[in-house]
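Pasting the structures here.
Here subunit A shows up in two complexes: once beside subunit B, once beside subunit C.
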Partner chain A sequence: MFTNYVPVIVDGLVDAALIFFVAVGLTLVFSVARVLNVAHGSFYALGAYLSVVIGMWLTGHGWVVASLAALLLSPILIAVALGPLIERTLLRWTYGRPEALQILVTFGLFLVLEDMQKLIFGVQPYSQDTAVQLFGISHISGIVYLNYQLLLIVLAILVAIGLRLMLKRTRIGKLIAAVVADQEMAQTIGIDVRRIFVLAFTLGVFLAALGGALASPMIGVAPGLGAEAIVLAFAVAAIGGLGQIEGAALAAVLVGLARASAIYWAPELQPVVPYLVMVAVLLVRPYGLFGSIGLRRI
Partner chain B sequence: MKCFKSIITALLLAAISAPATAQTSKPAEVDLGIFTFTSGPGAAYGVPGRNAADVVISQINASGGIGGVPVKPIYVDEGQGTNAVVAEFRKLASDSNNQVMIAALSSANCLALAPVAEQLQLPTFMWNCDTHQLFLKDKYKYVYRTNSSTVPEFVADALYLLAVKPNVKTVAIINPDYAFGRDAGLIFKQTLKALKPDVEVVAELYPKLGSPSFNTEISRLVAAKPDVIFSNFWGADLENFVRQAAPRELFTSSQVILALGESVLQSAGTLLPDGVIIGVIGDGWWKSSTAQANPQTKAFIEDYRKRFNEYPVFPSFKMANTLYTVKAVYDKALATNKGRWPTRDELVAAAKGIKVDTLTGTLALREDNDGLVDQIVGVTQKSSSYPFPIMGKMVRYPADLVTPPVGTDPIAWISKLTPTMVANAPKPGSYK
Partner chain C sequence: MAYSGPSVCGAFDMVVWQLLALAVAAMALPVAVPWLGFVFTVAIGKGLAALGVAMLLRGGLISIGHALYVAIGAYATAFLMLSIGMNELFLLLICATAITMAAGLVIGAFMARYRAIFFAMLNLAISMVFFTLLSKLYHLTGGSDGMRVATPTVLGLTLDRAEFDLVLQFSAVALMVAVALLIDRYLKSPLGEALTAIHANEVRLEYLGVSARGVILAAYTISAALAGLGGAITAVAIGHVVPELSYWTFSGQLVLIAVLGGITGVPGAFIGAFFFELVRTFAADFAPDAWNAIVGAALLIVIFFLPQGLYGLLQRVKTRKARL
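And then the complex of A and B:
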């Protein structure tokens, strides 16, 4: 029986960090636009693909250290190129419509984006692990970890704090919070709600693509990545309470630790553990850990 | 009226039961339905298979085709799912020029197609179907496996391990979570239990097929501190595992066996240290002395490398050897018929018991339609001639040594193996 808990915690937190980036984007878009975006996983996959391709190009031209920039550049490019476009042309028609219609539209978008990935990038897996090599390794409890894995935990914490500060302290954050609290009232007092929707959706796309880009040095990027990410992100968002940033963070940690624990002590349960956690939480708190009926808050 | 109904019924029954496409006149071309993955994670093996088919069919056609008739491949992507694959199989079966099918790569598709091939009375050669369950319960007349099965493949790995590391005490297993991975885990464990009963399995992990990250599993494996780690990951999973495990020093902390490792030597082999045990699941190693001694094989390798800018990997040879076996079956049937074009039943009869000189050795089709192929196992070894490691200290285990005899339950056969088998088997380094 394995009795050293430190590696379980480290592995769980690394897993949680990657899940958090996707789940927090999903929950942000839901809290503002009240749309469950099934295509969110595709932005994660696109972030990973673009990061790998740009990284490979830079590394191929001898700019090895500069290839790290691809990890930030690719989510920015994807968010700027796809965020406003998709929100204005497709998503806006689903606002206020039944959830079933929203899910069908975003699922259709997911299928289109998945096939686009195959058309553009092909079906063979891509790997670009320059970042992993550059950051080296550390020994924790006798196990070799990539420093890049540990960096991911720090980055996830920084993003969570940054998002909270942005929403609380900046003008744009306060505008988003106002729209989340009462869209009609926000419109009445002169807030351009359509612009806030575009901004929030673009930020959600950025966070998903950032998750994919940051995961890309440690994984093989291949078709199917988006589906894997969105299913887990939905579970995490539901556990945390849809629309809750702190909830997404705590839920990601719970799911990450549960998955790592399963791999160490009960490998057979690993595929279902996130959903067991979800069922357990929703049985006790049907609106998630931080969710509540009626009150809209971000 | 009753008589009329009887005639109609008889005609309908005759129409249903008669093979719709029993061709006996020489066709303008030999259509070959070839099932492989050209999309999805399976494409990592499927595409080298398809590439090999392109090269071999070009070579066969350049030398006069089959019985003077050119061969035309019709590729079907197994990535579209088993139901669609079965539908495509049925559709191709109605093509009067398509007397033989080469299917499939996925074990799941093989198991689904075998009864369909039998129902349609269509000779079908399973080119990369590893599951030992193919002929376990059902007997087929029209289905052959031009390949070895999981049992000889993983028994060979266990034999090699005990030859190079006789004092092994603890083993961990990490395989994909589906029949191929689970079967391999069972076969490897049972073989070790029979050959060295004191070996303990300290961790058994079956992550989802196509999982993008194995990092937590790698931590778990390192934490278990096993003497040996066995894996039958393949395709994208194998490459991901190597890329993720190498920087975390997994390959130096334990003796690792990559049962299908030859297929990543060119793409990710530089990440592997010397001494990682590498399997070929068969005899398809392009640099083996058998392959290099055969001018036809050298021509195939050169043509393949020129076209695809890489050397053929073992799935390429599985496909190539299957195509040459199909040609040999046609040639034998044509000779038996004294030149008359064979029917499907005559092709099946010709396949029975045939022994073919392949590009990498020999393939014998046994009386139970299963293939007998030698197993090559070795270790990674840095090369001064290539920018990637090659296989060293190789063993070529004879097919008869590692394959359960006809009519025996494979797992029961494994349980009856004894430690003397290791002593009597060829030694590492005995095959150059």
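And then the complex of A and C:
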């Protein structure tokens, strides 16, 4: 009886793992910079594209195992190339301005990045599943699982724990937490707030691109990926409470399981399910599972 | 009409003249350059939808999924023709607008709870879901091939395509002036002023005994109706509807047109739309692949350097002249 549900749960957790990377990056940037970056999904798409292209190049040259490195290399490249640049120029300008303006600016950036991606990588779909093949499959009680999927779940848990440890235990994490708690006070006691902003944003970009890169062996990489990623990531971040890392993790599991269940029992509902979950949660808790009511302007 | 003194009436008159100037331009220029007629008809369709976006922006609410209502209006037109055989142009426009308005009312009842980030992202999410449905429900909507929209009759007359295009162009211009004046009155009415007040200070507005949610719901429903009318005009003008009408990059165009034109006055959205469509007609030859990038970059440039939009620029030139 229970074994019938195991594949659904595994699929749901894999889905959750992939959503988690993007959503946690979005929520991290929001908690530090107080800006919801609409262009966040682009980093996911760029991560997927770049890792596919690097992976295909490496595989083409016979370095099949080395193509795994592309999954980590491409998010690093994207984070280093785009993170500081975008934060220092566009994003910084929006700090403290009305939210409508912040959304407009990041939305403009989203449109630009969408076409940049099309210009660089073209519009034809890619698929590159060397990584999935390398890890092979395993049989658990008569059902076939991809080892790569199981690895993703472990990786997401490790990243979640790692992020938490970083924020609670390390010096840089405590500095970030201080800036999140009170930016002005942090500045007063001599924390270089600008550096923290750059760091946090770059980390957010890295996480989004990592999500894209890790998803790329299992999906067809095609235009439109970024828009799907941002709305899904936002739904997850909103369910968890914007700016809440633990909330994003729990929400990702909720949404992942809901989506997997929909695929098994009501496939036509699948695109709508994340939002149904979001609507249900927000009706009961308007600021998300872990969110708290912010101060209203008076 | 003159609930707050003669100064508003003065401004009202100015808007009338500006709209008439736009209307004359939109009708006269195609006489010299015939293909502009189609460009302007499509521009008015987008301008109506952008006016809806601009209205919400006055209330500090940014919808980055407003293409949803353009698509609802367009597909409603296609379905009305296909399934119940409605063929009359004006009846189609009215019914499509009414259907979109109803959709706006239902979705707006939910949206009115949210502001800023949530408002923007929920609009985006709903438009993305709708896009997925339009693309996937192949047996209903024709999937990504879209649906054909035949040439409707006008007041019972069957026209050939060239005549119909001309009639549609004049009807669109007339609709633009009429709708813009109505929206101008609305924005200067207490209900419309309350919308601007939400942006300024929602809490104080509620202390005055005005329901912010009611004000937003009214604005949202009206803006959905505007986008639906724009979508219906677009559908009959192009003769084909596709799911891309609800895609987020199309919403991006609407936001750009609204911001480019300027949100301080009703003519802004149409000035923005004419400018946008003209540039697009020429730019499409040079950079068809980078069009969204141009839209995005233009959006950023307008926000940084021209925060009042083209309409604001016009206003500024005028006040400077007055001062001299």
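In this text, the second predicted complex is superposed on the first by the 286 of 298 C-alpha atoms of A that agree within 3 Å, B and C clash if a C-alpha of one lies under 4 Å from a C-alpha of the other, contacts with A are read in each partner's own complex, and residues count from 1 in each chain.
The rule is short, and it goes like this: contacts are C-beta pairs under 8 Å (C-beta built on N, C-alpha and C of every residue); 3 or more make two chains touch, one makes a residue touch a chain.
If you're wondering where the values come from, they're calculated on a predicted model, not measured in any experiment.
Engineer: Have a look at subunit B and subunit C on subunit A after the superposition and call it: clash or fit.
Structural biologist: Superposition result for subunit B and subunit C: clash.
Engineer: By the touch definition at the top of the document, which applies to A:118: first (subunit B), second (subunit C), both, or neither?
Structural biologist: A:118: touches subunit B and subunit C.
Engineer: According to the stated criteria, A:260 is in contact with first (subunit B), second (subunit C), both, or neither; which is it?
Structural biologist: After superposition on chain A, A:260 lies in contact with subunit B alone.
Engineer: Mind working out whether A:228 is in touch with subunit B, subunit C, both or neither, as first, second, both or neither?
Structural biologist: Once the two structures are laid over each other on A, A:228 reaches both partners.
Engineer: Just subunit B (first), just subunit C (second), both, or neither: which does A:271 touch?
Structural biologist: After superposing on A, A:271 lies in contact with both subunit B and subunit C.
Engineer: According to the stated criteria, A:98 is in contact with first (subunit B), second (subunit C), both, or neither; which is it?
Structural biologist: After superposition on chain A, A:98 lies in contact with subunit C alone.
Engineer: Please identify the positions on subunit A that touch both subunit B and subunit C, taking each partner from its own complex.
Structural biologist: Touching subunit B and subunit C on subunit A: residues 118, 228, 271.
Engineer: List the residues on subunit B that touch subunit A in their complex, please.
Structural biologist: 38-41, 43-44, 47, 79, 177, 203-208, 210-213, 215-217, 219-220, 222-224, 236-237, 239-240, 243-244, 247-249, 253, 268
Engineer: Which of the residues in subunit A end up touching subunit B in this complex?
Structural biologist: Subunit A residues touching subunit B: 2, 4, 7, 10-12, 14-15, 118, 123-125, 127, 129, 132-133, 137, 141-146, 149, 215, 218-225, 228, 259-260, 263-264, 267-268, 270-271.
Engineer: Give every residue of subunit C touching subunit A within the complex, in rising order.
Structural biologist: Contacts found on subunit C: 57, 60-62, 64, 110, 113, 115-118, 120-121, 124-126, 128-129, 132-133, 136, 201-204, 247-249, 252, 255-256, 259, 289-293, 295-297, 299-300, 303-304.
Engineer: Show me the residue ranges of subunit A that touch subunit C in the complex, using the header's touch definition.
Structural biologist: Residues in contact with subunit C: 36, 38, 90, 93, 98-101, 103-105, 107-116, 118-119, 227-228, 230-231, 234-235, 238, 242, 271-272, 275, 278-279, 286, 296-298.
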